[in-house]
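Letters A, B, C and D mark the chains in the order given here, with residues in each chain numbered from 1 onward.
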Amino acid sequence: MLISYYGRLADSIGMAQEECALPGGIATAGALRGWLAERRGGYADLTDAKIRIAADDRFVEDVADIANAAQIAFLPPVGGG
Amino acid sequence: MLISYYGRLADSIGMAQEECALPGGIATAGALRGWLAERRGGYADLTDAKIRIAADDRFVEDVADIANAAQIAFLPPVGGG
Amino acid sequence: MQRIRISPDPIDPAAELEAFTRKSAGSGAIVSFTGQVRSSSPGGKVVKLHLQSHPVLTQSAICDAFTDSPVLSSATDWRVVHRTGDIPAGETIVLVAAAADHRRAAFEAADFMMDYLKTEAIFWKKEICEQTSAWIEPRAQDYADRSRWDNHGR
Amino acid sequence: MQRIRISPDPIDPAAELEAFTRKSAGSGAIVSFTGQVRSSSPGGKVVKLHLQSHPVLTQSAICDAFTDSPVLSSATDWRVVHRTGDIPAGETIVLVAAAADHRRAAFEAADFMMDYLKTEAIFWKKEICEQTSAWIEPRAQDYADRSRWDNHGR
């Protein structure tokens, strides 16, 4: 699963993308937030409800099943054009 | 004295400009309206208060002395750009 | 710098915007309005407009109104290019442009300039259609638009 | 016809307006807005902005919002060109253009598009100044401007 971090998240996490293999128990978007945030520092922002999640280029709620998604994006509040 | 008729006045009067010698008794802008309007048909519009008068490129009121002006312009309500 | 240009020459909106934008680099916000001769009207299919101005008063009245305007005082720069004479349908009659630090001020400046030009500017306008022709005066909507600015900034 | 273009390529506002005006001849009214990187900010002298978009969601969200908008339904045509990546101070970030039969509709369409782009469009913006850099979120004024349209046409 390719995970992308947009905007300020890429700065706080230290990278814009990473390839992750999800452990078996992590099936929803919300669970993915928690799992990533626990792994190491800089990821804590991901549990902020203002950070939206897109799975395969569609916005999803925290309860959505994302186990089979190829791409996940974490999107902080937008900054305007 | 060069008299110019703008906008629809040029159509109703049949010309855009004419050279006139003012008779002695006609000294104000208002008197000029009446004198021109009495001369012949098509000039009646000039007595309409909505027609503004400019003497030598400045707007003037009917009471203004225009006997020494070189140019008089009759300006109907503007049409917008 | 010539902020107001009134002439029978055709207007190239892109070239005007290019020159204005080059001068205003860094302002942040630039709004332009281009007005073209519409090809149809209540009088039928429009062939052309005839626009007449006064050789002195038209420009000086616009200059006075815009220099004194509180709306335009929020703009860093502005421009008016107005065509006169015979203008075929589809061609540009007027271009206004405004630059400001923020977009609201730029929009308001351009909007205000157009409302003024459409109601108070000293132009006489004759619409020449295929069958008829008529001198045009501002629409009620034009006066309503213009009145929006009467208490602006007071 | 590509109404929305998001790309790291520099924007030439005059060329965009020229193409749009050519397509819209006879519409009557065309409004354009050009937004440039301001050269100063509360953070100091601005070197550049970095604009990030999402490769799919940014364009599709703009398209959805604009296609459904009652404000834009009064426009005969509209265009959005948005630059991404590193944009030096003074260069153009965004150009929007709107054409309509009457000028009020054209002004409102361009104004609405900009208010949307400034608050809801999916862009992340980092301001790089000489001494500092920071991610920027919309100003309170941007949200206030955007909310003006909430009841439009209802």
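The criterion applied here is as follows: a residue touches a chain if its C-beta (ideal position, glycine included) is under 8 Å from a C-beta of that chain, and two chains touch if they have at least 3 such contacts.
Not measured: the values here are computed from a predicted model.
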Any chain in contact with chain A as well as chain D: none
Distance-maximising chain from chain C - centres being C-alpha averages: A
Rounded Å distance, chain A centre to chain C centre (Cα mean): 51
Approximate Å spacing (C-alpha centroids) for the pair chain C, chain D: 23
Averaged-CA centre spacing for the pair chain B and chain A, given as whole angstrom: 78
Chain C residues counted as touching two or more neighbouring chains: 35, 118
Set of chain A residues in contact with two or more other chains: none
Full enumeration of touching chain pairs: A-D, B-C, C-D
Residue ranges of chain A touching chain D (in the complex, touch as defined): 6-8, 11, 54, 57, 59, 73, 75-81
Residues of chain D that touch chain C when the two form their complex: 13-15, 17-18, 21, 25-39, 89-90, 92, 101-104, 106-107, 110-111, 114, 118, 141, 145
Partner chain A, residues of chain D touching it in the complex: 35, 51-52, 54-57, 82, 93-94, 117-126, 135-138, 142
